[in-house]
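Here's the structure, in structure tokens; my notes come after.
A, B, C and D are the chain letters, set down in written order, and residue numbers restart from 1 in every chain.
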């Protein structure tokens, strides 16, 4: 088999992850709105119905609470369902099932019931879908004990996180940023399962720690390149897991660089970035050389026009400005 | 059934209903004295439904119930002392004392809980049936809920999904005419529940929920249907709760006369008329049940509080045992 | 007698108002009978009795707002004679309140409010302490003119390379300063001093050292330690502590010996039970004490057991000084440098080696007479070095 | 025993007592007690150190001869030569 990497897209990597899981374990099946005949709202499951049949690629009626709850019941009942909620915006209709059942049953039953369920959701803005289709609510769900939250940004993670999530005996929510599906890149032909416990340093640097996840990762990397031309070396960290947070990796980096900027597409108030900055202030206060900073979405319903949508969500120039504000006055270094 | 086994069966049904009645009465007393806290919803008056349906279910069938689930738990075989300890919040309780009255769980008898969210259990029951169908297992999931749940969106979504995918789930609606304080006519445009169920293309029947023998027969038919056709079934049990919705309820929404009227058809009276069980037998059964309940209270009172350092236990599966439970790779 | 109490009918119900009694004393009641109506926020609720018996007495009158758990009526159980004594059945006490250290509610104390002054980053503040940089003198080039680590390091490199003292020392010196200031303010110091002719003991010492190998050579300070001990046994008032309950006698005589640390700082660990030890033992233990003090391996008991302290300022070239007492001790003896002075001996003036011995005492525990008699005892002890 | 060996022995004895002493600071005429804050216990240990390394027994009366570096080396050199004759 050719060892050279394969040219592919984030979407195809996710599809391959589903196909691989379904081939490896008969208990695994996919359930969600338009995942079968229609091939998936983002065409992730195109072709899977033909390969696996309607029993295992199940189109659901538009009843998020029922089919997410059914996913929970089926997982308790011995199968390994992958429930696709078209976007996080629709997950609000299933929040009761996710929070009151999936996240709670194990603890509340004294450990007698576990829910080995995976729920995949698209998230984030950037496609001019306007406020009701542009939410970034993963931070909400990262607040809930009893579930795990992961955010694959790279092709390797899109391909590798699903299997590990399926093997986890507790519910795992996978957030795929909708602007990433078309992202092209290279993937090893034998790319397989990856861990879902640790953050990853995507770019090493010594001056400031840029902590982010999902689609914002690539905006942070762009910003880091710009800053490098001004002699500022950014360390870009991809969270990969939003709950639990891999604080060891974050703190180690912040203790080295002494400066931190968190980039989070959620709204600032009560966001995931607020939690990360708080934990850094609690554990690395005496290592900070400048106040921690955040770049988040403007606190507005995401507007439809492109120029407004772009202005509302974090952009590379905002990240660069945030970093510059933390650096000492320009002097020959 | 031969006459003797029939008499024995009637004694068994009476005793099961008595266990529920005395257990719930004791809970009311313990709640007033402050031993049981939080919310408490009593099943007094509806005993025939749980006891009747449980006769039709086998051990590997699953049950999903509501916050008024003490009767279902006892009839399903969860021990009275474990249940009472759960009422007290002791760690010897069936859910380690963490769930309390509204969250009774027992993996051994596939009792997947009370649920404090009205209709919250329906989608889960549908999912359990989905797994059975998917894994080709001939089992039934019995889903108990009240007339209040019928107005929830999840009722519609679950009924539709179950009928659409032809799943082996038995929906049992305990229609006690009141959703907390709202009488059914003031909540549902279509209060005829079987008619509503049939619109989903589902077989639907109704039964007198005060007559345990009638409930048992109806349940046996329903369970057989679900098990052998692997399709859903809707059974309405018309019943009545003699007590308030919960302990803190002035019952302004119904008048005393209606309660007295229904009390004439107390499930015990109905069964004794049908079975001829006399006062002597009733008295001895009652005595045995009262001692069982007293022992359960003693067990609960001597129970222990879960240590604070166990607070986060079971939020997630502990790494060692659940550690990435290997899927077939 | 059974107590019928106001029941708790709901998670948030604290009290109810009795509307009316449906039973009167003498009425028989069975389990489940409705005996009264109680008004609550949710409306009037009929309350039932759980015990069979006969109403003995109605305790609460209608119209009163009554907390949950209050006794409303007394019921005589069937087999009890009338007027039987009260058999109170207390309700189960609620579970013990979760101890303050509840794990879940993890709270971190907010950092103390920073006083309004130059904005310094936490990392810079830490670096400044470690590099002994005075922050006032640092020019901040960080964001908004704040002082950063780089600014501190730059300032440190420009300044004279200060000897790097171990961190432990600076902490200790701060603690010492605080104790001294407290002692000076709190303790009413009494000062006395005298001059002691040291010639006889120095001559004895010279002979003694000539006969000894160099490793067992004796130093004058050892004689002073023994002399202090001797004087303490004669004037016990100076040997002990001042506590909230007044002066407390030292159970033994443990002489705190002030030892200078290399690079600054003074510690006065105790040399225990000096009266019971001969000069050689004291000499050996003193040498060991100095070594361990400078190596920082003192035992905590040595740091706290001293009942009186001797500070040998002579070593530092000071003739006499009035030291500050180490609380809670009540006295400190200062011995000056050995100097040659004209001294009248049998009417003739002769050169003599003398020392000035001063004592500061806590006047609450030690009066002038005791202080004076202590110094004379100290002097007398040094006149007979062989008996030390 | 050459003069340098004696000088090293003296430095060794001094640094045992006061590790922070920097040999470069040891000019011939630096007064050891003042420069390095040596109290009577330190000086006794210094003398014991010389006794251990050079086998020389310095009586208390000769302490004053060891006041400076130069003086110490000369004194010790003479003491060692006496022993050789």
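Side notes on the structure shown:
The criterion applied here is as follows: a contact is a pair of C-beta atoms (placed from the backbone, for glycine too) under 8 Å apart; a residue touches a chain by one contact, two chains touch by 3 or more.
In this text the structure is predicted, and so the values were computed from the model without any measurement.
In this structure, the chain pairs B-C and A-B differ in their number of contacting C-beta pairs, and the larger number is found at A-B.
Farthest chain from chain C, judged by C-alpha centroids: B. Put simply, the chain nearest the middle, going by average C-alpha positions, is A. Taking each chain's centre as the mean of its C-alpha atoms, chain B lies 63 Å from chain C. Annotation: 97 Å between the Cα-based centres of chain B and chain D.
Centroids built from CA atoms put chain B at 40 Å from chain A. Once the centre of each chain is set as its mean CA position, chain A and chain D turn out to be 73 Å apart.
Pairs of chains meeting the touch criterion are A-B, A-C, B-C, C-D.
Partner chain B is touched in their complex by these residues of chain C: 5, 7-13, 31-32, 40, 42-45, 47-48, 50, 68-69, 91-92, 94-96, 98-99, 102-104.
Against chain A, the residues of chain C that register as touching in their complex are 108, 111, 121-126, 141-143, 146, 148-151. By the touch rule above, chain C contacts chain D in their complex via residues 163, 206, 209-210, 213-215, 217, 219-221, 260, 262-263, 286-287, 290, 312, 315-316.
On the chain B side of its complex with chain A, the touching residues are 62, 64, 93-99, 103, 105-107, 112-113, 115-117, 120, 122-132, 134-135, 141, 153-154, 156-158, 160-161, 164-165, 312-317, 322, 324-329. For chain B in complex with chain C, the residues that touch the partner chain are 25, 28-29, 31-35, 37-39, 89, 244, 246-250, 252, 301, 305, 308-309, 311-312.
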